[in-house]
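For reference, chains read A, B, C, D and E in written order, and residue numbers begin at 1 within each chain.
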Amino acid sequence: QQPPVRIALIGPMSGTGAFEGQLGLEGAQAMAAVINAKGGVAGGRKIELLTYDDKGSPEDGVSAAKRAMEQDNVDMIIGGWFSAVALSMKEVTRDKIITVMTSSQHPKVTEEGHKYLFRLNATSAMMSEFYSKAICDRIKPKSIAFMNVNDDWGRLELDNYTKLLTGCGIEVKGHEFYNRTDTDFTTALTKLKSLNADAIYVAAINTSQGATIYRQIKQTGYRGKVIASAGNMNPKLVELSGNSLEQVYSASPFTEDGAAPSLKPWLDQYRKDYKNDPSFIAALGAQAVQTLAFGVDAAGGDPRAYDKIAAALKSQAVPTVMGELRFSDKGQASQAIHLVQVQKKQIVSVRD
Amino acid sequence: MDFTVFAQQIANGLVNGMAYVLIATGLTLVFGVLRIVNFAHGEFYMLGAYITYFVGTLFGLDYIAAAAISAVVVAGLGVAANKLIFWPLRRDHEFTILLSSLGLALLIANGGELLFGADPKYVESPFADEVLEIGTVTLTQQRVLVFAAAVVALIAVYLFIRYSRFGKMMRATAQNPDGAALTGINIGLVHTYTFALACGLAALSGALVGPTVMIFPTIGNWAVLKGFIVVIMGGLGSVTGALFAGLLLGVIESLGGGYISLGFMEAIGYAMIIAVLLWRPNGLFSTARGLR
Amino acid sequence: MSPAANSGEILAVSNLTRIFGGLTAVRDVTMTVQAGEVVGLIGPNGAGKTTLFNMLGGSLPPSSGSIRFAGTDCTGAPSHVMGQRGVSRTFQITSLFPSLTALDNVRSAAFRTTRAGWGAAILRSPAYRREEAELRRKALEILAFCDLDHRADTLADAMSYGEQRRLEIAIALAAEPRLLLLDEPAAGMNPEEGQRLVEMIRRIRARGVTVLLVEHHMRVVASVCDRLVVLDHGVKIAEGPPAKVLNDPEVIRVYLGREPVDA
Amino acid sequence: MNTNSHGHSLGQPLAIAGGIAALAVLPFLAGNAYLEHLLVLWMLYALLALSLNIVIGYLGELTFGHAAFVGVGAYTSAILSTQLGLPPLLGLPLAGLVAAGFGLVIGYAALRVVGPQFAILTLGFGAILFTITNHWVDLTRGPMGITDIPPMAIGPLAFDSARPTYYLVLALVLATAYLCHALVGSRTGRAFLAVRENAPLAASLGINVFHTKLMGFVAATAIAGIGGAIYAHYIRVITPDIMGVHNVAALIIVVIIGGRGTILGPILGALVYIGLLESLRVAGPLRMVIFAALLTGTVVFLPGGLISLWQRWRNAHKSENNLPATPTGLPSTEGGAK
Amino acid sequence: MLKVEGLKVRYGHREAVHNVSLTVEDGELVTLVGSNGAGKTTTLKAISALLRPSGGTITFDGERIDRLAPHQVIERGLVHVPEGRQLFPEMTVLEHLELGALRGRPGSMGFAERLRWVYELFPILAERRTQKAGTMSGGQQQLVAFGRGLMANPKCLMLDEPTLGLAPIIVDTLADTIRNLHGTGITILLVEQRVDLALRLADRAYVLETGRVVMEDSAQTLLADPRIKTAYLGL
């Protein structure tokens, strides 16, 4: 029996982001199970996932990364779900260990291009470029108002979309920022409703905040269109939001009806092991494991041959559940993004 | 300024404020009678919402029945918590008791996360999405229900404390437990009932507020902080004080969020508390310590 | 310091009044105390004695009237200012530092007369060491003076009522006051202990401290006071040497009843 | 608690010297960098807890705002070093100074009330500081926090890894412990305790209650600010979370579980807090539940904090003694309803 | 009626009452004398179940009461007027008297009658019925505590320094009241620092020193005892 490849998965396992962290973990575990069932990587080494809780806080993320590297001596790291955590964690891990950052969209994560750092999610710029086109061409609201979370990502979204949507003639009527800890949004929504915009764009990462916002938009009596931010549509959100997400659009690199060969076994495994429906976050978890496994294989089986692994990942296409992934020299992945819509409580991809 | 929006914000604030009041009432009872700063109160609120959810989904009971069952069950849990933790510590320093309640809060919150899962849940209520138009103001039936039920519960609690014999015993125990014991008051029973009442109220507020938002295992944190603010601002142990303070806080937050800055909404609430306490150090409705 | 050295008026109260809601607890009281005197303040329950003490000690502002202490006007001065000026008191409802030992109770009380603070303690300056040693010696002496030396390491909370009363006196003494206000010090003491209290007050006076004493134990009052002031319903109704005041028919009617003074 | 009536035996200085020596060699026994990191965290928490203990233990007031002052210190030094390029070594005293300034203003307003009202006022001020930090994006970078904070350095000696930082914080902890020790043995400290025990009586003895409390509060906030600054330069990233209620609760837990009003208590409490949370990682998802259960159980069975174990032991091994067993001096044998 | 045998009470590790035995017969007035810290209050608190004894037994009316809760002791007619008054500062005089009657035994007098009786004994209570106890003078508070105890219609009354802080004229009234209560057949256990007064009222007396009974005799005998005279009366 060969020793396993030890991969640290650092994510929010408690606190407000716990649900999202859980989804990512499940996705990664299901993928590890699929790979291990087929004999593991590098001719027989199993993948062992070690979980660390960053509580969604940068300080805890740094501590967790230190522990993973210094105490538990892991081979590689998956982590950085929230941008703030990703940004500070990379300072500890950069140039020391192969790290795959997952959902954080902040451009700065891959801006400097550290040699062992990879990021899967599309940056907000890539997402917004795609999604704003869809909004302009397909949804076509005359005017729009924004309901964004008050953090870097939410602020970035506002800037990006204000620029892009004004560019295609949509009037931006106003915006509200809510706090990451808020549980009730009636005050903000009352203000937004009074702007009489054609559509309200909601940028919410947190599932429970999102669901509350979508429900409360309807409850305030708003009758216009609702647009969900890119990358933040998942089955749980749809379930929690009742009817209020019906016909609402979003954009996502993940769709259940994708064509990637590895999607099906993973979906099966996931559905078997967990009660949740697979979501984009879970797919990112799976993708991260696939990326690392591919890198180890490509580098000849040594999970510590970081230079080789990095070189391999940057030079070849990585087959994943969301299709083929290509990494830039700075470690940024480019993902295919699809327009999705909620129809009869199902997230379906909209294709022309 | 647009009057419709103004009226709507006032209405939002009153409903949110009433939810604070409901949470604060149980807290003020436990504080007023037992001198316990109960950080776990928010967790009983959380349990109230979750038990309503599970009774509804697992046993298929309707919302009202589920809420009632949850209030009773949580009242029982409160009695157990009192028996195991607070009663044995009743003569210890207030900071010790505070820490024990902090420990209990952590225990219930994390235990809840383990038992209920980290995923957010939604308490189904037939009133949740039904919109009522009252003049220019739009409210869901659920929000109206929060307000109405709170009013009823508050009046009942107030009358109970003010006029019942047991209320008198509670006040006596609050002011001097030894003296109360020597007067023939069963202070153990007073503790038990107070906890049952307070936790039942907490659960009721969880069940009522639940359908207006999402529930997840850490909602108690938020609830207990708001509750404390209201209790202190209203005056320790004063139910009337809690009522006014809660409504005031709700409305100020709503107007502050609506007209000044949403990001500073909470800070505006805190600023008001600071102003109130500097103006009246014992809170709006208080002359000294003790349950009234 | 001998009593003669600081003779002269130390406390002058004029037209002092305190009203609580509709109740006038102290009405138009005018009195003076000479330095080195022991003056007894007596009167029925609720006559206003404690209220008067509270005003003198600065914990209760008067409704009207004025207080002069040692030549300065102190009307309405807060408690810690009165304390700093040398008015020290015991409380009718026992008041001490419950979870400190008896010794620490007394040492904490010496705030007014000590100088070496935190800085000196950090540097362990010779002045600090000297003062601490002196303070310890003095505190133990005061405890011994109050018959509490065997209880030096006992928490105040864990003492019996009578012991707590004596600890209160020890605390008040440790502040080295010029004027000592004692509110029913003999409460909770038996007649024999009362006798010892009398001895103690005499010795306190011998140190040059002026004493104003509220007390219901007539034997204590009669044997230690130079002069008595009688309050009833907040009004001063009699004043003079004990022998005369205690035989005043009005005082007997409202206050003494039939209890013989020497019982 | 009778902090200042330790016996003056020869054993005590020896024990202290032994303890310090043990602390000094600890990093060499740790074995790996991560354990050294934990040692740093222990000392940082001990430092912050010691400062909080001045308010909770000596002044007897509960503050929910302490984490905010830690944050003020952390942000002060972080901003000075990242935006103005000030050497962190200079930032440290400035952080203490700025935190103390905030402490002075906030204490001046909040200390007019006592007890739970004071606790809520400090919570309010803390929340306002948090909100400002969270929203003043130009200065603090808001929720994203400040990253790339440079490590501290004295000349060629950089505190960029755990071991040197450990010694730095250890020195500060020892200094603070000595400050507290000197405090309780001084007139000032006795005034603190007098105010804690009985404010009206303290006032009647000439102690200005308000000034005394304010002095203690400001001292505590200054130390908190310095602790926060060290933390920022060590972890090298800070977010407004540092001011959040979680940190408030953590510090209060550390002080009370260790033993408020004592010097060893908060240090011990920090060790147990950090050590327990870390060793419970093996429990996986049960980690926090077990932690909370242990915490609650400890409070119920050891109401005086961990330090009271030692006090119990000492009482049991001293023949007939005047001190009651529990540090609060309350009888453990009272009856009551069943 | 009340029988205490081998009573031991500890505070933490320290025993404050060692092996105290005493009996109070039906209708008797017994006093407990001792200097400060002798353990008088501790003994009374143990009897009324405020403290749990670590040894010994307490029987009342033939029934063991040392494992009961305080309110159960009162329900049996054993009422304790405590040292230090133990009032409810924010409640009025009348509320105190009402609470006093709450758990009392039903007796010959109804509540209204009993209230009138207490008001007659201490007119100041009637005058101040709506004043909050916390704002009353020390002596007035003492009367409230005493009145509250009387409202419970006690079979046996334990008084811990009832004359504390009372003006001489009221001490007289109180002494008369105690004598009258005794006359109506109520059993009384009196702890009093005015030893002379106590011994003149009592039938029998126990002398307590450092937690032990050191003397026990009829009150007259003790009043004349030279040791008592020097140790407690200061004569």
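Basically, a residue touches a chain if its C-beta (ideal position, glycine included) is under 8 Å from a C-beta of that chain, and two chains touch if they have at least 3 such contacts.
Bear in mind the structure is a predicted one, so any value in this text is a computation, not a measurement.
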{"item": "Topological distance between chain A and chain E, in contact steps", "value": "2"}
{"item": "Contact-richer chain pair (by C-beta pairs counted) among A-B and A-D", "value": "A-B"}
{"item": "Between chain C and chain B, distance of the C-alpha-averaged centres to the nearest whole Å", "value": "48"}
{"item": "Separation of mean Cα positions, chain E and chain B [Å, integer]", "value": "43"}
{"item": "Centroid spacing, where centroids are CA-atom means, of chain C and chain D in whole angstrom", "value": "40"}
{"item": "Centroid distance [mean C-alpha coordinates] between chain D and chain B, Å", "value": "31"}
{"item": "Per-residue multi-chain contacts in chain C, two or more chains", "value": "158"}
{"item": "Sites on chain A at which at least two other chains make contact", "value": "13-14, 150, 179"}
{"item": "Overlap residues in chain E, where contacts from two or more other chains coincide", "value": "11, 49-50, 69-71"}
{"item": "Chain C - residues contacting chain D, complex", "value": "57-59, 78-80, 82-84, 88-89, 91, 95-101, 103-104, 107-112, 114-118, 120-122, 124, 128, 132, 151, 153-155, 157-158, 171, 175"}
{"item": "Interface residues, chain B side, partner chain A - complex", "value": "2, 4-5, 8-9, 12-13, 16, 110, 113, 118-122, 128-129, 131, 133, 138, 140, 212-214, 216, 218-219, 222, 253-254, 257-258, 262-263, 265-266"}
{"item": "Of all residues in chain E, those that touch chain C in their complex", "value": "11, 33, 35-38, 41, 83-84, 124, 135-140, 142-143, 161, 164-173, 193-197, 230-235"}
{"item": "For the chain D and chain C complex, residues of the former touching the latter", "value": "1-2, 4-5, 178-179, 182-183, 185-191, 193-194, 197-198, 200-209, 322-324, 327-330"}
{"item": "Contact footprint of chain B on chain D as seen in their complex", "value": "56, 62, 109-110, 112-113, 116-117, 119-121, 123-125, 127-128, 131-132, 134-135, 245, 249, 252-253, 256-257, 260, 285-286, 288-289, 291-293, 295-296, 298-300, 303-304, 328, 330, 334, 336-338"}
